[in-house]
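Letters A, B, C and D mark the chains as written, and numbering starts fresh at 1 in each.
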Amino acid sequence: MKKIAVLTSGGDSPGMNACIANLFTLCNRKNITLLGVRKGYVGLVENDFITLSQEHINNVYNLGGSFLKTGRSEEFLKESGKQKAIKNLKEQGIEVLVVIGGDGSFRGAQELSEKGIKIICLPGTIDNDLDYTEKSLGFDTAVNNCVSAIDKIKDTMLSNNRGVVVEVMGRRSGDIALYTATASNADAVVVKEVPGSKDNILEKVKLAISRGVESPTVVVGEYILDVNVLASELTQSTDKLFKPMILGYIQRGGNPTVFDRNYAMELAVKTIELIEGGIFNRAIGLKEGKIYDTELKTVLFKEDNFNYELYNLFQKLNS
Amino acid sequence: MKKIAVLTSGGDSPGMNACIANLFTLCNRKNITLLGVRKGYVGLVENDFITLSQEHINNVYNLGGSFLKTGRSEEFLKESGKQKAIKNLKEQGIEVLVVIGGDGSFRGAQELSEKGIKIICLPGTIDNDLDYTEKSLGFDTAVNNCVSAIDKIKDTMLSNNRGVVVEVMGRRSGDIALYTATASNADAVVVKEVPGSKDNILEKVKLAISRGVESPTVVVGEYILDVNVLASELTQSTDKLFKPMILGYIQRGGNPTVFDRNYAMELAVKTIELIEGGIFNRAIGLKEGKIYDTELKTVLFKEDNFNYELYNLFQKLNS
Amino acid sequence: MKKIAVLTSGGDSPGMNACIANLFTLCNRKNITLLGVRKGYVGLVENDFITLSQEHINNVYNLGGSFLKTGRSEEFLKESGKQKAIKNLKEQGIEVLVVIGGDGSFRGAQELSEKGIKIICLPGTIDNDLDYTEKSLGFDTAVNNCVSAIDKIKDTMLSNNRGVVVEVMGRRSGDIALYTATASNADAVVVKEVPGSKDNILEKVKLAISRGVESPTVVVGEYILDVNVLASELTQSTDKLFKPMILGYIQRGGNPTVFDRNYAMELAVKTIELIEGGIFNRAIGLKEGKIYDTELKTVLFKEDNFNYELYNLFQKLNS
Amino acid sequence: MKKIAVLTSGGDSPGMNACIANLFTLCNRKNITLLGVRKGYVGLVENDFITLSQEHINNVYNLGGSFLKTGRSEEFLKESGKQKAIKNLKEQGIEVLVVIGGDGSFRGAQELSEKGIKIICLPGTIDNDLDYTEKSLGFDTAVNNCVSAIDKIKDTMLSNNRGVVVEVMGRRSGDIALYTATASNADAVVVKEVPGSKDNILEKVKLAISRGVESPTVVVGEYILDVNVLASELTQSTDKLFKPMILGYIQRGGNPTVFDRNYAMELAVKTIELIEGGIFNRAIGLKEGKIYDTELKTVLFKEDNFNYELYNLFQKLNS
């Protein structure tokens, strides 16, 4: 193995930089050249590669985002784009492409693999919405960001005896909402995976108030309901003012947590092990808390591995 | 002097707890009993007082919000409510009332002072919208919160080469927006005090893009324009995607900065000096960087002490 | 079950407050009175109990430390002290005692259980030095604190091209050192569990320098070597200035991470489940990432469950 | 004016990057080339310059440290080194050199100015030890770092009813110690400027204990006394355990505060104003809260502008 490339694609997630840095360190140990593709698949199509050196990674280990930048390429979605990408990869002499991203990025990678490119996929998304892995890189940081934000918000809510309805990210997955709700001692959580969860919010909030909770907190996953409307409804149905709050992009940035940095390292080590073992077209992830790899083409958007156990614990505390 | 009371009113602001703690420490030194009024004017009307002790303040110095809680009282706005407040103050034997809050709170205090209650007012609001003081307590923390949030947001925006339009608080004052814009190296700022500031945003953003800025940032004070609409317009008029972001309540909470903690101390020391000197119905604030006091009844909502100097510096950097 | 009590003992750890809050919430749901014992075993001996209410926990969920305070009791170590404790527990009508602490606290609890007190033990220590659980409550927060501190330290070290030797806590366990080293991209780690780890530091540092690392970082567990001496030696043996740094108590405080808050919740839920099931004298912990319980008397100081897997990954990156 | 250069020298301070970024932005507006000198005077001697571009500054605005690196040059102290520096400056066509640093850096700059190099000096040091300016760049961030660290430390100290003795930086200036003490509600502060301040620590601590302070806190400037010894003495003379803590390098790094970022901007704007006005060999700083400039050769190490007013306020609270 002489030359591999890495790209970050889709939404950025904290830990991507640490993962690239660890890949570089390992390649460097083994005299493999590591190229960085800029802007995800955009750079692949546009032949935008840089040869990584120690200098690139000296200052980025602890930073959120991706110093290679991520991107979404319209052109890559077309056959012509993919052919350009393949041509560029070949002309650069790249033997393996490492893709860090979410399910859209994985689909692109899968298509390249079908056309003969050797691929390793790493789960880089805060949304935790890939079915084959218990955690994706950046998820832990995102939830910690959400919870820190709610800590601040509650300084105000507690001072005013108000309630709050907080919308968090996660796309089709309720994991950010669930972990945020449990860790911020919320009183209700609304997630896509449990359609009924949006029906008994008022009941749960009233229960909390009856028990002396001064600032009832409802955490809601995105794309489910309008938090402004919900806050109004709760205000009208209780004797408390409820404020809506959409956390937005503050939850995606910032320095990665220890979990995400160490996960980034483990992903990088496993990547190089697979490559050295001649094993390709794999996605790496976590299963029962351990790093493992699985066939890339079997990986799907997560449908059914929502953490019902944690969800049920939360219900137990709030019923 | 035997007994004084303190209340926090209106929106909470970081530093209120430190200010109460310092008032307690000073009163304790001088054998003055300090009562805390709970929930601002609500507690005054409802006779909700607690006698403060060292135990109350051992753990709150560094916390945002107000452990006495703040509140807005409908009843206090009526004459009957004010009479109840005065009756309670007299029956409790309270000789001076210290009010920490914003312009609404100051108006209530002014009315009480006209009815014979001895008052000292301290500027506790993140909005920095009182005309007699250069800074209000909590403003520095709020701006630091905004800037930290934008740091996180920019991790994502820079990774994707996107722009962002950020709405911050401040009610009728553009100070939070201005200081946030300068400190986050933004490319345009929109404030109420400069009506034209909302007219040349696109021009400034295009200028920034032409100079190589990858993630142009626009900071907008609240109640001026719809950041969702502005972000769409900028997206359509440039080749960049702009995301809207409303920071909301994360900017009001959290541990106060050094500036706000030390300001809280200085306000407390001055309060006790005035009280010991038999000087009442004063508002304390900052003038040319120094603590000073002025007649309460002359204090108004800030109209004309926007920091045009800083605004002009910002324009110089972005033109 | 009518009445149970909880105490925090030994060094405080972030998450203790969240755990107490969750215990209260669950007891409240089931009409069980929850008493808090102040200052750990000191309060048990001195009959210092408070009946917990919603008000106690409204503001503490996210705070480090323990609002019940922890303590070390000389008297409890004697038979007479233990008899006092038992007498107080009985007179208060306490049916089960929940102890949150480290191995010293567990020994005390074990002795009480032998004398007929029903006990549940929860692992509250940043040191992660209990053999029966993969993680103790507070460990994740402590490591995140260490890594955030090193992020700041490296701003300076990178600006000056200096190296740094950082001492972290952990008592007899190298876990804080190991996780801190991996997550801060350190170049060498020294832990008690691997005696040879202190012998090849210079070699590893030289290797890092030869590869272009500008600020080589060595993380050292406490009570192994003098970081001042080590920093001097590295300075003399390389062409770089190495600075020593002992992180100390900044690593123990601060708001708990999401992991520790959710772990606190899971510990509380399991505690009440055991109590309701009539199962006592158990220690609760994590095994293969899942909550489980084991017989209290079999729990020992951790000797042999150091994370050699992670240690070996780290070596792989730095050799 | 066609070409200027900037260097950062001495200890790094948060805000240096923002200052360089603002200098670049302003130069760019005016078609002035801005060179960055790497490693302070080392790069001047070794002819290590880079031409700054928008790309250099897109990601560093909010980062601590200096991306140009700082350094201490033995060679520059000699006449031969200075001659090399001057030769390099001339050959590069550099018309003005902007130096950001502390008093050592200023002395070097002063010597260059005497040899005909046009100089502007900006006060970049956390120590706040330059006599001509009320604040130096980085000081506000450093104090905020110290206070955040003490917040964490107090979680533990309050949980255990212990006291703490904290050593902070500042070299010959007590400003970091003083502002840290006031903002962390400490009970005693020891600074060089008030030699008697180290003599009545025990008295102040006993007073605090007598008033119910659970975790008395003493803040000590560096190079005055051994905090380990002081902590032992306080332990022996009271009924409390006192822990020593040296904050070290965590106080120098991290993202700059709003104050330091805005100050960085104001320094940059004033620098370019002076240069455009043909005014050189000036040091820029703050006087009565406003940016001003003064003759470089009159600038000295700060002897007598310690903030006695704040010190006296602190004493008033703690006596």
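By definition in this document, contacts are C-beta pairs under 8 Å (C-beta built on N, C-alpha and C of every residue); 3 or more make two chains touch, one makes a residue touch a chain.
What you see is a predicted model; the values in this text were computed from it and never measured.
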item: Copy pair subunit C, subunit D: interface residue numbering same or different (half cut); value: same
item: Farthest chain relative to subunit B (centres taken as mean CA coordinates); value: C
item: Centroid distance [mean C-alpha coordinates] between subunit C and subunit A, Å; value: 28
item: Rounded Å distance between subunit C and subunit D, as computed from the means of their C-alpha atoms; value: 35
item: Rounded Å distance, subunit A centre to subunit D centre (Cα mean); value: 38
item: Of all residues in subunit A, the ones touching two or more other chains; value: 59, 151, 154, 158
item: Residue ranges of subunit D in contact with subunit B within the complex; value: 18, 21-22, 25-26, 28-29, 53-55, 58-59, 61-62, 140, 143-144, 147-148, 151, 154, 158, 179-180, 182-185, 211-215, 255, 257-259, 261-262, 265-266, 269, 288-289, 310, 313-314, 316-317, 319
item: Residue ranges of subunit A in contact with subunit B within the complex; value: 8, 11-12, 14, 39, 63-66, 69-71, 145, 149, 151-161, 164, 243, 245-250, 252-254
